[in-house]
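Data first, discussion second: the structure below is written as structure tokens.
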Amino acid sequence: MKTLSAVLGMTAVAAISLCSLPAGAQTYPERTITMVVPFSAGGPTDTVARLVAESMSKDLGQQIVVENVGGAGGTLGAGRVAQADPDGYTILLHHIGMATSATLYRKLAYDTLGAFEYVGLVTDVPMTIVARKDLEATDLKGLVEYVKANKDTVTVANAGIGAASHLCGMMFMSAIETPLTTVPYKGTGPAMTDLLGGQVDIMCDQTTNTTKQIQGGTIKAYAVTSPERLAVLPDVPTAVEGGLDGFQVGIWHGVYAPKGTPTEVTERLSKSLQAALQDQNVVARFAELGTVPSPADDATPAALKAKLEGEIARWKPVIEAAGQYAD
Amino acid sequence: MELFSNLALGFATAASPENLLFCLIGVLLGTLIGVLPGIGATATIAMLLPITFQLEPVSSLIMLAGIYYGAQYGGSTTAILINMPGESSSAVTAIDGYQMARKGRAGAALSIAALGSFFAGTVSTFLVALFAIPLTAIALKFGAAEYFSLMIVGLVSSVALAHGSVVKALAMVALGLLLGLVGTDIYTGTPRFTLGIREYADGLNFVAVAVGVFGIAEILRNLEGEKTRSVLVHKVSGLWPTREDFRRMAAPVLRGTAIGSALGILPGGGAILAAFASYTVEKRVSDKPEEFGHGAIAGVAGPESANNAGAQTSFIPLLTLGIPANPVMALMVGAMIIQGIVPGPNVASEQPALFWGIIASMWIGNLMLVVLNLPLIGLWVKLLTIPYYVLFPIIMAFCSIGVYSVNSNVYDLYAVAFFGFAGYLLVKLRCEPAPLLLGFVLGPLLEENLRRAMILSRGDPTTFITRPISATLLLIALAVLVVVFLPSVRAKREEVFQEED
Amino acid sequence: MKSLAFDSTNAICGAVFVILGGFFTYQSLTLDLGTALRMGPGYFPLLLALILVVLGLVVLVQSTRVAGEPLGPIALRGMAFILPAPVFFGLTVRGLGFVPALFFTALIAAFASSRMKPTMALMLAAAITLFSVVVFSYALGLPFQRFGPWVRF
């Protein structure tokens, strides 16, 4: 059964790439592909990867297995892929950390812009500005006023340097031009626990982690950082609506391949990614996490390249202003 | 009674033939993979996780919970048989369990562990069912100051883990705490003690350290006296515990269950302390504390029960808050999300069949575990009759796979070799590895919470005594100190008198 | 000559603690210490390292008071074969692939005991490899390459 689908998959690949191509690319993929996720199993990025990988496997006719190479803010896994054979059998799914680690780490084992080929964007997970449930402010304006009035006592939680919540927290403080006391945690779990328990005041984190808590009324949501309101949280205004001009942050995910991977292969992967992003199962699961798959024209090599370059430039000054590096 | 209708719903869900089957498969697979030396619960679950993705949500989670219990029990089995703990909790079981095994009482140790775990599992399952929600409220009262004070209690108690020199035990705790700090400082991002190796940025791998200082050190020790011994244990007497054993395990199991249930609820690593705390208590209340470290039954029964009770109640934060209490729970969250269930505070009301089904399956899983494992004990004990020179290559191969599979980090394998050497050195110097391991797991928690408490209190150190829970915990720590040192003074006097005889 | 009777094991042990404590002290001093109220990354480890040095000194001093047992035999052959086994696996698992790396790892470890015969070692390593490949690679589908780029043609 597996062989049959593999044969079918390969025929499909061959049919798509009709014209004369190098021999390797014509039959790609002919064996299992490893998708490296630079974070540990069970986390939000791992979940995104597994959902996408499963659907892409169907389209490619070959299994994509997820390998978790966690550590050092995702730079170990990215470094692994940078050094892998550029044959399309080792690919990387990484999030915004790909762009921020270029500044957060002053000595990286790879050149962020020079070591990879691009496959496409996967999704852009919005962030939410949330606070402990007994905080008195009722809307974002009120929150900003409250924070400014109590800037010596308000605490902002984050899940460690380089984490989504750390980035968004920095962005928030720079947007309201008020430096606050940050309280780092080891991962989102303990940070959220302390927010639920009212031990810390504010956090800005991915919808993946906050949606269910907001719906359950255990924390208060002030804004989402996406351009539009979210279907899962219709009552929460966007940050721009709430008065923070230009405050849009998203944890975007992209798929990369090592530098030198043939264009035919990255094109094939990109096509398969686009198909996966329209898979009903993927769409539904993403929706439960409070996010949507990237549109087809973003799931392309060119769009990912542009995004990465833009984001490196955008975060560099923010991180340098905060003056905290991860090495 | 709402509870009964809920439990009935849960059992109806969990006891459907196919869910029973998946629970059984989970328990079986978990036990079989977890029993491979050097492969602990985290590695087992990470390996088996993808299998569950194909199933229905409820079945998948029931199977995963089964894998969890199976892996934990499998891990204890290797801790007892070959001194290879795969998880911090079974490190404590290894202390006396392995000594029992060396005395030919492996069967008894394994049955005690199985029965103790089952009892603890039953009690704590009902605790979860009855009090999950109010207990969560208490757990949320624990802030950084409270955790710091709790860790102090754990640290003070660690002295009891030693059965030799107290000073050496304290030095081992200090060394363990330092090793626990290896990696990136979460407050500033500064790498500490990593020797410039980025692969250690997230700290040393627990399994690498545990396998090194316990397992490999033990292998090397066995290789010393090659000429004299050919199997680990010569004589295996009686597979089952005697009536006397049962009598002596009853109270430790009860106390272990209570300690484990209480500490397991705390999401910030309370469960880690459960087994250590139980060991301390047992050693203190025992009328024969000198037996500890040489195969005391209470030293197996108490910690194993505490460990299992803690494992059970650590589901509470996950089920009621959607927050994983440990890496294993984080894997469960990943599995739930892939199944389309995002865990959060509403799971109980939105998905009652799932919520109560999991709770019911906890008990069913524990029951299966005991039914499955009691007959297997004979088989496990037979493993001890394998000549050790055949066993060692097997152990080395599996522990290499187990350590590598978690994060595909080859530096973890180098750490295994390094800590194997270090562990052997320490054994030769008559230092015990258990306090080191306790320090290793507590190190990061202790520092993190200390610094966080200071940040949150804006640099006011009185926060530890003005917060009531924290103050109570510190008083307990003080009481433990007094209790620990008083009898040791008494014991010294007795020693003196004996010498004069 | 009673004053010369000292416990050599504990003396070494104390010295090891002092040296390790010294190492961590030195390393901690290169980090930012901060203050007690706003601790830097070096504060807590420095405290621990100093405690370790003090405890090591106590062990050292105590060792001069009592006679102790000698160190006993040292498993040199064991160390020479057991410790390199996981290192070899780490060095080769990506290059040679899972199957050859595991085979040689088991083989190396097998020679730790002087009782092991070469044929027996080969058979044992082959059996372990077969079992592991079936269980981990095929049944559980772990993402290991069975044969890596070094042995692929």
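Going by the order they are written in, the chains are A, B and C; count residues from 1 in each one.
Please note the rule applied: contacts are C-beta pairs under 8 Å (C-beta built on N, C-alpha and C of every residue); 3 or more make two chains touch, one makes a residue touch a chain.
The chain lineup, named per UniProt: A = Tripartite-type tricarboxylate transporter receptor subunit TctC; B = TctA family transporter; C = Tripartite tricarboxylate transporter TctB family protein.
Not measured: the values here are computed from a predicted model.
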Two chains sharing the most C-beta contacts: B-C
Chain occupying the middle, per Cα centroid: B
Subunit A and subunit B, separation of their C-alpha mean positions in angstrom: 33
Inter-centroid spacing, subunit C versus subunit B (mean Cα positions, whole Å): 22
Approximate Å spacing (C-alpha centroids) for the pair subunit A, subunit C: 37
Residues of subunit B engaged with two or more neighbouring chains: 50, 187-188, 408, 455
Multi-chain contact sites of subunit C, meaning residues that touch two or more partners: 141, 143
Overlap residues in subunit A, where contacts from two or more other chains coincide: 66-67
Residues of subunit B that touch subunit C when the two form their complex: 33, 47-48, 50-51, 165, 167-168, 170-171, 174-175, 177-178, 181, 185, 187-188, 190, 192-193, 216, 219-221, 223-226, 230, 387-390, 392-401, 403-405, 408, 410-414, 416-417, 420-421, 424-425, 428-431, 446-447, 450-451, 454-455, 459, 461
Contacting residues of subunit B [partner subunit A, same complex]: 46, 49-50, 53, 140-144, 184, 186-189, 191, 198-199, 201-202, 267-268, 317, 321-325, 327, 330-335, 337-338, 340, 342-346, 407-409, 444, 448, 452, 455-456, 458
Contact set on subunit C toward subunit B in their complex: 9-10, 12-13, 16-17, 20-21, 24, 27, 31-32, 36-42, 44-45, 48-49, 51-52, 55-56, 58-59, 62, 71-75, 77-79, 82-87, 89-91, 93-94, 102, 105-107, 109-110, 112-116, 121, 124-125, 128-129, 132, 135-136, 140-143
List of subunit A residues in touch with subunit B within their complex: 40-44, 46-47, 50-51, 54, 66-73, 75-76, 80, 104, 109, 152-153, 155, 160-162, 181, 183-187, 189-190, 192-194, 196-200, 208, 211-213, 215-218, 284-285, 288-289, 324-327
Interfacial residue positions of subunit A with respect to subunit C in the complex: 34, 65-67, 85
